[in-house]
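Below: one structure in structure tokens.
Lettered A, B, C and D in written order, each chain numbered from 1.
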Amino acid sequence: MSINNNSEFKPKIVAFCCNWCSYAGADLAGSSRLTYPADVKIIRVPCSCRVNPMFILRAFEKGADGVILCGCHPGDCHYTSGNFYARRRMTLLFSMLDYIGVENGRTRVEWVSAAEGVKFSATMNSFVEKIYSLGKNVRLEDLRCKN
Amino acid sequence: MQELITRAKELLADGTVARVLGWKAGDLEYNPQPAFFTNEKELEEFVYNGFCGANLSKYMIEASKLEGKTLICLKPCDSYSFQQLMKEHRIDREKAYIIGVGCKGKLDIDRIKANGLKGVTGVTGAELTDDCEELCVTTLYGDKKIPYADGMLERCSVCKGKEHMICDEQIGESKDTKTGERFAKVAAVEEMSSAEKFAFFQKELSKCIRCNACRNVCPACSCRKCVFDSTKFDSAQKANVDSFEEKMFHIIRAFHVAGRCTDCGECSRVCPQGIPLHLFNRKFIKDINELYGEYQAGADIEAKAPLTSYVFEDVEPSVVAERSKS
Amino acid sequence: MKKIAKEALPMLYKKIAEAKELIIPVKVCGQTNYKVWTEDAEVDLDTLKTVKSAKDAFFPQSETLYTVKKEDKKLHIEPEALKNQEFVVFGMKACDVQGVAVLDKVFLVDPVDSFYAARREHGIIVSMACHEPEETCFCKAFGLDAAAPAGDVVTWMVGDELYWNPVTKKGEDLTAMVAELLTDADEKAVEAEKESIKKIVEKLPYSNLSLEGWNGSVLDEKFNSPIWETLFKPCLACGTCTFVCPTCQCYDIKDYDTGHGVQRYRCWDSCMYSDFTMMAHGNNRNSQMQRFRQRFMHKLVYFPANNDGMYSCVGCGRCVEKCPSSLNIVKVIKAFEKKEEK
Amino acid sequence: MQRIGVFVCHCGSNIAATVDVKKVVEMAMCEPGVVHAEDYPYMCSEAGQAKIQAAIKEKNLGGVVVCSCSPRMHENTFRKAAEKAGLNPYMVEIANIREHCSWIHKNMEEATEKAVILMKAAVAKVNLNTPLQAGESRVTKRALVIGGGIAGIQTALDIAEAGYPVDIVEKTPSIGGRMSQLDKTFPTLDCSACILTPKMVEANAHPNINIYTYSEVEKVSGFVGDFTVDIRKKARSVDMSKCTGCGVCQEKCPNKKTPNEFNRGLNNRSAIYTPFAQAIPNVPVIDREHCTKFLTGKCGICAKVCQAGAVDYEQQDEIITEKYGAIVVATGFNMINLDKYDEYAYSQSKDVITSLELERIMNAAGPTKGHLERLSDGKAPKEMVFIQCVGSRCADKRGKSYCSKICCMYTAKHAMLIRDKYPDVNVTVFYIDVRTPGKNFDEFYRRAVEEYGVNYIKGQVGKVIPQPDGKLLVQGSDLLSNKQILKEADMVVLAAAIEPEPGVRNIATMLTASIDTNDFLTEAHAKLRPVESPTAGIFLSGVCQGPKDIPETVSQAGAAAVKAIGLLAKDKLTTNPCTAKADELMCNGCSQCANVCPYGAISYETKLINDHGVREDRRVAVVNSALCQGCGACTVTCPSGAMDLQGFSNRQILAEVDAICR
């Protein structure tokens, strides 16, 4: 996939991936050589329910332009119910971010199984594309990080 | 009020309670303070009127550690907070004797002053026995009568109802004060464009001085060590920087109390900068109601809290983008 | 004595702002605070008390001390520049001006706080008499005159005119700079205004607050009083009183990780906070009673003991207005008065 | 701050071709705490590990970052290597610069920049790592096999032979599974029942094997070595201890209108029934949904005729709770529903059948007693057409994307058997490809073509149109000669795709075993751990993992058994030390964490706490580290951050976030 790269903008994108499904899905994308932009950096967490809203806000504070959380499909959580909690938490958090005027495309949750390398790659491509279209995150970054 | 004092004296005298948690008259008409009373003499200073807005339930955390029972006066809205604290094992029901006190709407001196009044030296018409239709305000610069509702806290105009969720007995009459829709302002903000929303909150939050009054008064914020004071989380904050830190504090605070906040309105009451902090909490309450079914924290001690439960069919987070008007 | 029509004030602001930073009460979302003036700012001189005092102008709530930047394994330290441009603080009341005098006692004595000293050097205070003092005011108790504040330029708002009286060299220079906008005036109107203010001050409920018994010599007696045990109870341990106070001067120094270095900054701290002066062993004041006592003992006993009897309360009454639990220094003073009566 | 060593692997050219490893080493040396950095062609090799160990000793390293392949590959390798050098294994972090970097990026500069950031994040994390000690948990020496087909039977037999007790849970009334429905098996053409029934009998008779038929797994809790499983033994309505298996009840049952599942509904059975003659156990079941007694309350003939008095209409479902150390899933497969393929007229004509139906028709115990005949009119067919890949290898969403693997071979078998027994019947097979990779498989297929004259046409069938005369008009194309083909057939056999047994999704959820988009259970590693689920203690046997034929199923069943035996042979397991831990000083005792814990690992105690000199009794959370699996749900629910997850602590994750956003 090609991304319109005429601007200087290189987004910083944090992807939290659960160890059992999505991180493995990302591994599969890798071993299948399914590309996605290098702007995406993955942080491994045991489960999507490990992701504290604080982590997401912190990423934005420190200058991330997009944050995506990937976990097992609902019902397939390695820990049975972690992603159900994550789903409610993230829904509310994203709603709040939208409410205070953060563009809602900057946050996303996708369920990617260990077998879905193709989906992982496609998801990252579409997310990065969205972040490019939104441009730099100026509403949440801490100004002190700019100097 | 006299009835309350008489009853408190009785309960102290017969040993049912060891102390009374209520409000003590201030040195100005409008500044009574939360107080503990341990004897009849002290109770002479007991007061309960329109200016007793403070929610006493959080004081019960400390009172639960004391010997003997504490008589606690709870307004209808305070009783939700009390019950939520019970649910979270923060207070001991056995240590409390609850008198549910009537409520005809609580007053906000800043709102009274916003009626063009300066140098307020006296306010009458705010006793529980009054009909609470009109306030007579005496000031250094002349007297004025204003409708009671014009001096009321915002929260009282969207009152959850005058029913006590928990109490051992009730004293005093209540009067319905609800005139507005609780989520009207939240809905209005939701209608704004993304840039307008951002500007709105940016402007409001730029006033924040990080005094932590909102947090410290909040009955849901009862952590022994707040994450924003803790070195363990790498998230300690103190500075009032006019950038993201404020938002982070208020969003996380609202998130931490989501599903637990009873919408008692204390945060907005105490904010020295008049930031409508309830707009954060109510946003979560509105979302929870709309997405996961009506839920009122503190109303039912057995109910499963929305953030510690789930159903398979829950909406996906993508619903946010679908619903967003911006 | 000079004067300027109230309606011409925007021109005055603009004139000052062309040459210097102008800090003035500005209303944002219904609340008035000192802010840097901009063309679109809603200046509000009618509100007697800004929420926060003018303290920020000289001792901002947060300020960077220096920045460390990391390049490879090397660190570069960039000190924050000291204030080197003149600025004007417009509209400070007698209490706030006195608040600065209290801060001077802390920051201008050895070791001098260079950030504060630079701001004091470059700051010009245009004070303003309190046209309509309020019920929470008690500056009289500290010997202040709401009708005649200190400052570089003292002003009075009388009817539609702002009367302008330079009293220091800085004040004279500022006056010269804006001379074209000012006209000469006699002192009659101002004298009448002063009288009127004094009359109101006499009627204020707290004007006769007595500070008897509060001085540096009563340390043990006050410190050990059992009154504190009941007094502190409603205190929520928030920092509202300290942050709206014109004289509270405690601060914390912290580092902010910018990702490519560190910004070392200081920010106001509050003795009401549980982690105030936290040490490795824990806290040297580990109960809220102790923290509560500290604040008032400092204002009314320790500070005067070390500063020739000068209290570090100026009677502005902001804590009276803003305390979420309706606690305040007046109640503390009165509580001891009452106890001692008995 | 730790003294950190960074080790960058080239992985031959897998990493080094796209990531400038020297640059990563150089940048690593600039990170705070890093005292050593080097690169090596194969860090996972013995020599590579030796380098890490040498550096740990020489530079007194407190933390190690290996920039290499996915931690899912070699995290354990490097942890063990570090441990041998005296470093706590949990002081090792992996920066995944292969799967997440070099393999997906082509631009060297970009990939190097990303690798450096991933390295920095790992360094930032390891700086905050603390040594962790793995605990121990006991192993219940009993295995559960879910599914009683050939896969389950073989696994159970192998485990039982090794001396461990095994329970088989089978949801139908008899073990045997799909294989019991087959007539003959490829490529030897021996009789399926003849080779299966001895196994069934052996399993039934084995002292270590306990079979629960007509039973389902209802609830699973616990973890590797210590699972607790609730098994619902559905009411059979026949007392197994009394029944002699005489069969009189089935003969006398007046209600014989129930479609016979075993014969794929091609004929009917009685309401009280055993699925097939060799069923084990040979005890009938009353199908309560179809039994007159249960539907109307009248009848009761079976009870009257039963000499043994075994029929019990009052029997209730029974829940058996048992503990297991290992669980093997052997749930098998089903044929897909053909509703979406109505162009082949399956629902319109009785003479369009699936291959499995053909197996029953060909079987002597089947609906036609083994005579090949049209189900519509009982006439012997003259022209038969086989259509391959019905729903397999399907590009669109209608069918399955995968190859069902067994169809090519069984179709060759069917064709051969028909031509052998009925030489006058013409057999035509429409195929996309003929796939015969297996021992003696291609030879088998060639025999069908060459010796038996089966007509193979490369091409797909567009439509099957039932004709008024009862014949079937097959419209297809011959891709080799590029011709349209119209063929009249008497019978059409569809090689329908196979899919995992639908109930497997529910089972996977209970086991917290991951499952792919096709509902096949995911293996821990596609190549190296093909019979293990990523969930520890769960093993995969047979088609539940992916399509396979009988020999493959049996070998995988044996492999799964060996893995399970390996687990059961241990007395104790080391537990994952990355568990949650509550800070007693900060805990509010609010119970929110316990509300979200899926394992019930959090309890509360009232303890005397000394909080910087303030002593008081407080209700605080206590995590049972043996039960905690380390998901972290509690940590987010805890507002004060008192609850944290070791190995993935709040500060560690925030440090990674900071490093990435820098």
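Definition applied: contacts are C-beta pairs under 8 Å (C-beta built on N, C-alpha and C of every residue); 3 or more make two chains touch, one makes a residue touch a chain.
Predicted model, so just to flag it, every value in this text is computed and none were measured.
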> Taking each chain's centre as the average of its Cα atoms, which chain lies closest to the overall Cα centroid?
Replying inline: A
> Among the chains, which is located farthest from chain C on the basis of C-alpha centroids?
Replying inline: D
>> If I rank B-C and C-D by number of C-beta contact pairs, which comes first?
In response: B-C
> What is the distance in Å between the mean C-alpha positions of chain B and chain C?
Replying inline: 30
> If you average the CA atoms of chain C and of chain D, how many Å lie between those two points?
Replying inline: 71
> What is the distance, in whole Å, between the centres of chain A and chain B, each centre taken as the mean of its C-alpha atoms?
Replying inline: 36
>> Averaging over Cα atoms per chain, report the distance between chain B and chain D in Å.
In response: 53
> For chain A, which residues are shared contacts with two or more other chains?
Replying inline: 53-54, 58, 62-63, 75, 81, 85, 89, 142, 144-145
> Where does chain B touch two or more other chains at once, residue-wise?
Replying inline: 227, 233, 235, 241, 307-308
> So which bits of chain D are touching at least two other chains?
Replying inline: 596, 637, 650, 654, 658, 661-662
> Among line, ring, star, complete and other, which one matches the pattern of chain touches?
Replying inline: complete
> Along chain A, where are the residues that touch chain D in the complex?
Replying inline: 12, 14, 20-21, 23-24, 26-27, 29-31, 33-36, 38, 41-47, 49-55, 58-59, 62-64, 72, 75-82, 85, 89, 113-116, 121, 145
> Tell me, which parts of chain A touch chain C in their complex?
Replying inline: 62-63, 142, 144-145, 147
> Which of the residues in chain D come into contact with chain C in the complex?
Replying inline: 29-30, 32, 612-614, 658, 661-662
>> List the residues on chain B that touch chain A in their complex, please.
In response: 186, 189-190, 192, 194-202, 227, 233, 235, 241-245, 247-248, 251-252, 254-255, 258, 280, 283-284, 287-288, 291-292, 306-308, 310-312, 314-321, 323-324, 326
> Can you list the residues on chain B that touch chain D in the complex?
Replying inline: 65, 88-90, 221-227, 230, 232-235, 256-257, 304-305, 307-309
